[in-house]
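Next come two complexes built around chain A: one with chain B, the other with chain C.
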Partner chain A sequence: VYQVFESVAKKYDVMNDSMTLGIHRVWKDILMHKMNPSPGTLLLDVAGGTGDIAFRFINYVRSVRERQLQRKLKHHQNLSWQEISETYQEDKLKSLGDSQVVVCDINKEMLKVGKQKAQHLGYSEGLSWVLGNAEELPFDDDKFDVYTIAFGIRNVTRIDLALQEAYRVLKPGGRFLCLEFSHVSNPLLSRLYDLYSFQVIPVLGEVIAGDWKSYQYLVESIRRFPPQEELKAMIEDAGFLKVDYQNLNLGIVAIHSGFKL
Partner chain B sequence: VRCQLSPPQRPLQASAVLRRVSDEQKEPLASSSQQQFDSHPADHQPEQEPQGPRPSYTGQGGQESEDYESEEQLQHRILTAALEFVPEHGWTAEAIAEGAKTLGLSVAAAGMFHSDGSELVLHFVSQCNTKLSELLEQEQKLVQLGKAEKKPTDQFLRDAVEARLRMLIPYIEKWPQALSILLLPHNIPSSLNLLTSMIDDVWHYAGDQSTDFNWYTRRAVLTGIYNTTELVMMQDSSPDFEDTWRFLENRVADAMNMGNTANQVQSTGEAVVQGLMGAAVTVSN
Partner chain C sequence: GRACLSHTEPRARDGRSGEEEEEEEGCYQLYPGHIPTSPLQKALLAAGSAFMALYDPYRHDMVAVLGETTGCLALPNLRDKMKHHPEGYRILQERPRIRLSTLDMARLRGLPDGSLGREYVRFLEDNKVSPDTRMPPKFVDDEELAYVIQRYREVHDLMHTLLGMPTNMLGEVVVKWFEAIQTGLPMCVLGAVFGPVRLSARKLQVLATKLAPWAIRSGRNASCILNVYYEQRWEQSVESLREEIGIFPPP
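Now for the complex of A and B:
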């Protein structure tokens, strides 16, 4: 797995866009909306390499925070200008409202690309990059509000261990969110999807990233991955409650959600 | 409601937050997560959180699940705690998140609910209705025991509606928002259900007082009275909502009169018909 992603790291984002025709951005946005994080949330994004989820999180929290501040200012209409500017300043400093995201990935190259992207896009505060293995996270118990793993869990050898680790590092009440390719039950779409996956994607892989094998591996790993209900059962086994999943695009992708209660 | 512990598959995975009802009497467990609760004053029951394996439960399997709080109960607790934050945040997911925080849960727990705050409003309305029922039940008991006078219908209705509307007073500023949430299409079945059952309840306790209305009319009339009074209350700025209660008094009086008028119309109608019949008979002869 490590070597696959080593070679893939630099072209990862480009490949994502071309393989999914850009829809992966929508999927990640939907994930963020489902999460609906409030300012002050501590997010752990596992296998988050190039930072897509992390950046979306920061954007989301920032806009929520801005709306909160605007509402507060509306209420303060009777205060003097002095008082208003004081509150405005102290809130300005906390533009993220103490929210933080820790991006954890097993692969140094992916993290490097992520850090570069962050610098390039101007994300500085509230971000940390940690090298770590999903099956054995380098974090204490009960630390995070939300744990996400977007398109990463199928690359984990022992999914049950990863789920247990997720349970461990989440605070009570914390939420587990998993965005992953899943099983398409509609037969027509399933055939088209298979066709696309096996014929088109490895070719794209060769053309854009110069790597047929890695993308062949990718497509096969998607097929081998457990379907929605099975993954739901595995998540429940790890101790999560109120486990549910939402199919996107008829099952090409699914978001699984569970709570540590 | 699912069993929280299905014995073979979940070896000793005790939930982090759902507490054993019987544990409330025991001393708090010393575990790392307890630090979150030190800030809570002693009068608030410390949350018991069995962390990690508890050897004494091995082999007792399914029985434990009855003592554990169900997910729904936990959700109710979160929503109740969230009510405190409604004046500040409105009926929103933020209020729910704050509520979850006071229970020692992560703010992410608010993700269990719809992001528009629907469940919070519905929970509150349901709570108010339950309180009203209890109030009316108690009053009825007093009457049965002879300790209180039985009220005439109009007085009874006025008092019941006033009592129910008074429960809105702490949240009155954000109540218009709540009303609009209740009117959202996906909430209408539930909110309508809550409203009709509340009205039913009130009539049930107003009970055997004759009004000559039929059952549907009674419901419709009282629902109309309740809704219009509620709307008036939103706009009312008089001290202790005097204007609202006066409005209520007038509406109830109207309703009572309507009953009499309907009666009169009916008997007048009958008299007219009889007169016509008599005239027809006379003419034919």
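Now for the complex of A and C:
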């Protein structure tokens, strides 16, 4: 799996856009809205290599923060200019409101691409990059408010271990969110989806990234991955409560959610 | 053809281990590196690689893929031409490969000027190219035809030497015209027709008035270039080989 992602890293984003016709962006936006993080949240994004979730998180808390500030300022109509500018300055410094996201990935190349993207797009504060294995996270217990893994868990050899680790590093009250390809039960869509996956995606991989085999592997790994109910059971086994899932696009993708209570 | 070529090297170039090839598509894989494809996939590949080859001229792998996916008529044709020629037949039997590990560069360099070997090495050095950068075939569903296209790729640099053309855009287009006539591979035809798009007006003129007509005439006049056992002719002079094959002297 490591080698697959080494060669895939640089063209990862281009391939994602091509394969999903840009829809993966919508899926990730939906995940963020479901998470609905408030400023001050500490997020761990696992297998988040190129930063898609992390950047969305930062944007989200920033806009929530801005709305907070606007509301605050509205209430301070009667203050002197001095006082207003002081509050404004102090809040400006904490534009993220102490929110932080740690991006953890097992692959150096993916992290490299992510860091470059962050620089290019101007993300600097509240963001850190850590090399690590989802089955054995380099973090202490009870640290994070939210744990996400977007399109990463199917590449983990021992999913149960990754889920246990997720449970461990989350604070009590913390939330587990998993965005992943899942099972399509609708027979017609399933046939079309299979056709597209097996016929078109490896071709796209060859033409865009010069790499048929990696994308053949990706398509096969999606098929091998446990369907919605099975994954739900596995998440419950790790100790999570109130486990639920939401199908996107009739099950092509699903968001699983659970809480450590 | 047999499932395994005796002279073919494993896909050492992209660093993948041999296990990967064995575990999947076991009975379908006709040669190391072979990726079986459905007709739909071939069509998509042909279209995609054609587009990508034009869009990004540095994607030589796309040119290779285009050749493989569109060569279904031309390749058997070439193979038959080889079968019916004594030298070509020998090549098909012995499956020689042109690569740095099999060539004795020092010996070739020591050959007299004007000999095939000397001029070939000079060409490689002047243009800073190596025979080892040729893509191994992936999408050809017949292992003998896979060798034919591999041979065509490896002989390409020798074509440059015999035609006296450098590896710049103009030189490549001229060689493509020659190869298009010689092999009938759609990829060569497309390259010959669309390649000039990227040339300056002056070069286009030279191409249209002098080089292309010469390449076409030579291509028509010459016997099949795949029927020449180049590895046994290093000492032969380029001029005499040109005459033997039927390539007119370059303008």
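List of remarks:
The rule we apply is simple: the second predicted complex is superposed on the first by the 261 of 261 C-alpha atoms of A that agree within 3 Å, B and C clash if a C-alpha of one lies under 4 Å from a C-alpha of the other, contacts with A are read in each partner's own complex, and residues count from 1 in each chain.
By our rule, a residue touches a chain if its C-beta (ideal position, glycine included) is under 8 Å from a C-beta of that chain, and two chains touch if they have at least 3 such contacts.
Since this is a predicted model, take the numbers as computed values, not measurements.
By the document's definition of touching, of the two partners only chain B reaches A:242; chain C does not.
Of the two partner chains placed by superposition, only chain C is touched by A:199; chain B is not. By the touch criterion defined above, A:48 reaches neither chain B nor chain C.
Look at A:260: by the touch rule set out above, it reaches chain B but stays clear of chain C. In the superposed model, A:173 makes contact with chain B only, not with chain C. In the superposition on chain A, the chain among chain B and chain C reaching more residues of chain A is B. When the two structures are aligned on the shared chain, A:213 is found in touch with chain C, with no touch to chain B.
Of the residues of chain A, not a single one touches chain B in one of the two structures and chain C in the other.
Every residue of chain B that touches chain A in the complex is listed here, in rising order: 9-10, 13, 15-18, 32-33, 49, 71, 74, 93-94, 97, 100, 103-112, 115.
The touching residues of chain A, when paired with chain B in their complex, are 34-38, 40-41, 68, 141-142, 145-146, 170-175, 237, 239, 241-242, 257, 259-261. Residue ranges on chain A touching chain C, taken from their complex, read 3, 199-200, 202-204, 206-208, 210, 212-213.
Contacts from chain C toward chain A in the complex involve residues 16, 20, 35, 38, 40-41, 44-45, 48-49, 51-52, 59, 61-62, 65, 138.
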